[in-house]
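Listed after this line are the structures, all set down as C-alpha cells.
Heads up, the next two complexes both have chain A, just with different partners, chain B and then chain C.
Let's turn to the complex of A and B:
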C-alpha cells in the first residue's frame, strides 16, 4: 500500500496530477470514447487524418499560450502571430524552398515573442496590454502582406505535414508528438525549464535565488512565439494556402484550451499533455456534433459545458475531501 | 573601528583584513532616505548583529549588500575587492549570500528544485532524481533529514520553509552570510539549529551579518551589535557591553524601562466567556478550553501542533465540531466568522498582508472593514461617520500614518499589524484571538501592542494569544496552554509559568 502510494506521490504521475492534467486527460478519454461510439469511422485512416489536421494547429497554439501563462502572462496576440506566420510562410514558399521558408517563419514568431517579452519583462508592462497592442500591430502588418488567401504551398508540402507520410499515424500528430517531447525535455529536464515554472510561481523569489528572472520571461515569450509559428506552418500545410484571417479563431480557443488543461492563470503550473488533450477535445466538438446530428450552433454551448464541468469537478472533489478531513 | 587590528576568537592578536567594508552607504527612494551614510566593517569569524525598529534601514542595508536592491551611493568591498552587485546572483559569485526576511522560495516547486536554483547556469540539464539526491545530501549535512526533498515548498510549515531558505543561503559556503530576520518563524530548537550553523560557519572563517528583532538571541550569538534608527547608525557595542534594555531604548530613541510591561494581577470572577470541550478539526484532536473575562491566555508550542488551527476553529474560519461549545452563555453548534464577529470575537490572523488587510485600500477603510453593512454606505461616508473612532484607534495604538486615506500597503509592517489589531478596539469585543501579532514587528510597535492588550484585559476583554516568543507568554500572559500534536498538554499559571516549563511541554516532555 505504501509503495502504491509512493508511486502516485512521486515521479511523473504525481507531476501530471499537481500540474492539473488529470481533468483534461479524463475529459478527453470520455469525449473520445463517445466520439467513437457515435462515429466509429473516425478510426479509419482518412477521417483520423482529417481530424488531426483540424486540431494540431490548435494544439500548438494552446502550448504557446500555456508557456506564456506559466510565466504569469497571457497572450492576446497569439491569433495575430499565427496569421502573420501563416501568410509569411505561404509567401516565402512561392519562390523559396522549405529549408529557408521554415527558419524564416520561425524567426518571425520569435521576433513577435521578443517584442512582447521585452516589454513585459524589462518594462514591467502588463502582458494583457502589451499583447493587445501587438495584436493590432501584427494584424495590420499581416493585411499589408496579403489581403486575400493565396501563396504557394505545394502539394508535396501538404503530404509532408498533413498527409500519409508514415504508416498508421497521421503525420501531423507525429510532428506534434515530436515537438511535444522536445518541449517536455526543455521544460522538465533543463534548468531553464524549471526557471520558467519558478518565475510564474514567484518572480521575486527567483531573483532572490540569484536567477535572472527578466531574461527567463523574455525567453519564454520567444519560445511561445516559435511554437505559434510551427502551428501556423502546420495550418498552411493542411489548408494549402496562406490566409490573413486564418489565426483569428485561435486566440479564444487557445485560452479556452489552457483553462480546460488546468493551467493556473496566476502562473507557475501547466502540463503539456493536458494542454494538447484539451486542444484536441475543444477542436473536435464541432465534428462530434455533426456526426451526432446536432445543430452546429450548439457547438459553443457544449464547449462551454465541458469547460465548466472540467474546471468545476476537480475543485468540488478537493473541497469535499478537505471538508471531510476537517470534521473527521 | 578604524583599527586594522582585531582580536580574533582564538585570543591571538593579528592583523586581519576586514571581510566586509561598507563606506557611506545611502539609499533614497524619491525624497525618502531609507539609509543615510552607513559605514560598517565585519571581520572573518565575526557575527555582527544589526538591530533597529522596522523601517530603521537594516533590511535595506542587508539587501544592498546581497545585491537585491541597488544603492544610491557609497562603497562596498569584500575581502578588499570593491563589489557592485547588480543582482543576487552577482553577490553570490562574490561569496555573499543572504537568507531573506520575506521568504524567497518558489512555493510551486519542490524543495530540491528550490535548492537547485542557486549558483547554476540556466543552460544545463535538470533531472528530478539527481536534484533530489543532491538535496537529500545537503539536508542530511545540515541535519534536516525530516524535510523530504520531493515535497512542494507550499506544503511545508512556515518554520520549515525558513529552514530551507537558510539552507539555501548556506549552500556554496559563503564568505559573508546575511541572515535577515532568519529566526522570525523558527521554534526554540530551530533557533539553536541556526546558531549551530552560524558557529560552524564562523569557525571556518566565515562572517555573519545577523538582523533580528529577538533581543535575547543577541547575547548568545553576536560578537558585536550595531544599532540603527531612521536609516542611520546610532550605536555600536562589543560583546558583553550591552544590555537588552539599553539596546531597546537606543533603537526607540527614548527611555524605556523594560521590554515588557507590568501585567496586572487578575481575579477570576464570574462565568467563563468561552467554554469548549473536545474541539475537533483539521489537526485538532480534542481540545478543552475555558477562558474567563479579562484573562490573557497564551498559546505555546512548536509550530504545527495545532495552535493556528485552534484559533481559526474558534473564529469559525475552519470547520470544527465540539461536544460542548458555549460563548458568552450562548450554546453553539458550529461557528462561522460572521457569527463570531456578531457574538463579540475579534481575530488577528497570522499573515497580515495575505489574511489581514486589503493593502490597496486606505487605513480608514481597513479599520472599518468588519463594521460595514452589506447594503449600507461604504467608503467616504463611513469614514466620516467613524472619524472619531478612527482617530482614537490611530492615536491609542500610535499608528504612524499620514492619515486615514493612506494605503495600508504603504505602512511599515508594525503599523500594518496595528491596523489588523486596531479594528477590534472599542467595539464591544468579548474575546480577541491573536495569531502571533508581534512576529516581525519592531520593538516600539511591540510595546504599543503589549500595552493595548493589557488595556483590553483591564476592561474585561479576554485574549487568546498564540505567540512564538516564549518570553511574551511568560511575561505578559496570566495563564498559558501548551499544545502538542493537536492537544493541550499543559496548562501553566502563576509560579509554574516559566520559559523552561513552556518549552519543555512544547517538546512533548514531562506531560501527563
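Let's turn to the complex of A and C:
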C-alpha cells in the first residue's frame, strides 16, 4: 500500500507532470472513454487485436522519434528507416528464420542510426539537415532492394507479432509493453539514460563534467534506429508483407505524437508513457470515426485540433499566468 | 594564387550553386555532346524553376529560422481551391481569393507559432494534416481537369528565344525571384526578418516587433505556396490531393542546397533558384545516363550532405 502510494505521489505522478505527460494522459483517457461509449465492440477480442496492430508500429516510431528529440535533435529520416527495415526484414524472411532475420534487421536500424548520429555528434551538423540527406539516401536504397510490396512473411510470424497472447491481450501490446519497460529502465535507471536526458538540456555542461556527450548522442541515435526497426518488424508482421512505402506516413505522425506527448523540442524532456498514449490517440482517431459513422477524412482535422489544443492550452495558461503576475 | 583565394572568398554564397550547375552542365556535355545546347539548358531550367517556385515559401520560412512542413498540402489545397473557384468566380477573382487563402493559412501558422509558442515543425505538421482533411472533405478531384487558359499561357505557354523556345514558367519564376530578392534585401521588413532569423533576442533589443515580423513572414510563405500551386497546376495541367507531396522535403532540399543555414538568418531567393537548378541538372544527367530515379535520390542525399558539411556546422558555443 505504501509502495502504491509512493508510485502515485513522488515517483509516478510528479515525474509524469514534470515530463509534460499530464496532457496526453488526459487526452487519451477522454478519447478512450468516448471511443468505448461509441463503440463498445472495441472490447471484443478481434477488435482489440486489429486496433493494437494498427497503433503499435506508430508507438515504436514515436518512441524512436522521442529518443532523438530528447538529445536535442529531430529525425526526418525516420519513415525511410522504417521502410528500409520493413523491406529488409520481409526479404530476409524469404529464406531465413526469424532468429537470423530479426537481429539483422535490428542491425540495419542501428546502422542507419549510426550514420545519422555520427554526422550529428562528431561533425556537429544539424540533425534536421543530416536526416534530410539520409531520407533521400535511405529511400533510394530501400526502393533498390524492393520496388513493390512483397517478401516472405509467414502466417506463423503474423501470429507471433500480431495475434493474441492470451484471450483479450494482443501480442503486439505485449511486445510494446516489454520493450517500453526495458526502455524505461535504460533511460531512467542507468548512467547512459541520465546522460541522454542531460545532453539534450545542456550538452556543453555535460562535456565540462567529463561525460563524453558525443558518444551519448551517437548511442541515442542508434537506440532510436533499433526502436524504429522493431516497429518495422511489427508492421511487417501485421500486414504480412514488406512495402518500400510503408514507412512514409510515420515521419509526420511520429513528430506529431512526440509533440502531443509534451516532449520538449528543445531537448532534455520526454515521457515514454506519454509518447505511447499519444501514438494510440492519434492512431485510433480514424478507427473511432469509422465506428461513429463519420466520414473518416475528418480524422486529419481532428488529429490536428487535438494536437493544437493539447499542446497549446498549457502554453496559453502559463502565458496568461505570466502576464497576470506581471500586472500585479 | 592569393588573388584567386580572395576572389573565391569574396564570391557571394548564392553564386556557388550556379557554378555547380554550370559544372554539371558541362559534364553532361562531355558525356553526351547533344546535351550542350541552349534547348537542353532551357529545358532543365524550366523544370528546375518549378521546384524553385515551390521553394520560395520555404525560403522565407527558413530565413526566419523556421521550417514549413505544411507546404505540401497548402499547395494542394490552394490549387484545388483555385480550380473550383474559377468555375464560379472567373479566373481573376479566383486568383485573388486563392492567394488570400494561401496568405491566411500562413498567417494562422504564424499566429500559432508566435502567440502560442509552438515550434514551427509541430505547427506546420498540424496544419498540413488539417488541410489534408479539408481537401478530402471539400474537393472531388476528378471534376477538376480543365485549366484556365490564362494560367496555361503564363506557365506552360512557350516563349520564343534565340531561335528556340522555353516555357513561360521559367520567365515567371525569374521575375518572382528578382521581386522577392529586392523585397527581402532592401525593404525594411525584409531586413527585420533576416535579423529576426539570425537572433530573435538581438532583434528585440534592436526594437523590432518580432512577432509582427514573424507573422508577416509566415503569411508571405503561405502566399508564395499559393503562387506555387497555381504555377504547378498550369505547368503540369493537373491537380490532385497529393500533388504537393514531393515538395514537402524537396523544397527544404532546394533551400539547403542553395546554401541557406537551417538555423535561419541566411539564404536568398537567388540561392534557392541555384539550389533547384543543381538538383534539376542532376535529374537531367541521371535520366540521360539511364540510371533511374533511385540513383537520382541517392545523389540528392549526397549533395545535401555535402552542402551541409560545407556550410551547416553548428557554431561552438
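FYI, the second predicted complex is superposed on the first by the 303 of 328 C-alpha atoms of A that agree within 3 Å, B and C clash if a C-alpha of one lies under 4 Å from a C-alpha of the other, contacts with A are read in each partner's own complex, and residues count from 1 in each chain.
Basically, a contact is a pair of C-beta atoms (placed from the backbone, for glycine too) under 8 Å apart; a residue touches a chain by one contact, two chains touch by 3 or more.
For clarity, every value in this text was computed on a predicted model and none was experimentally measured.
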>> Tell me the contact category for A:205 with respect to chain B and chain C: first, second, both or neither.
In response: first
> Is A:189 touching the first partner chain B, the second partner chain C, both, or neither of them?
Replying inline: first
>> Between chain B and chain C, whom does A:197 touch in the aligned arrangement: first, second, both, or neither?
In response: first
>> Tell me which partner touches more residues of chain A in the superposed arrangement, chain B or chain C.
In response: C
>> Looking at A:216, would you say it contacts chain B, chain C, both, or neither? Reply first, second, both or neither.
In response: first
> If you stack the two complexes on chain A, which partner ends up touching A:269: first (chain B), second (chain C), both, or neither?
Replying inline: first
> Can you list the residues of chain A that meet both chain B and chain C?
Replying inline: 204
>> For a test of understanding, state which residues of chain A touch chain B in their complex under the given definition.
In response: 9-11, 18, 188-195, 197-198, 200-202, 204-212, 215-216, 268-269, 322-323, 325-328
>> Could you list, by residue number, the parts of chain B that touch chain A in their complex?
In response: 68, 87-92, 98, 100, 102-109, 113-114, 116-128, 150, 152, 168, 280-282, 318-321
>> Residue numbers of chain A touching chain C in their complex, please.
In response: 74, 76, 119, 123-126, 128-130, 132-141, 143-144, 204, 252, 255-256, 259, 265, 295, 297-305, 307-308, 311-312, 315-316, 319
> In the complex of these two chains, what residues of chain C are touching chain A?
Replying inline: 67, 69, 112, 116-119, 121-122, 125-130, 132-134, 136-137, 249, 252-253, 256, 262-263, 293-298, 300-302, 304-305, 308-309, 312-314, 316-317
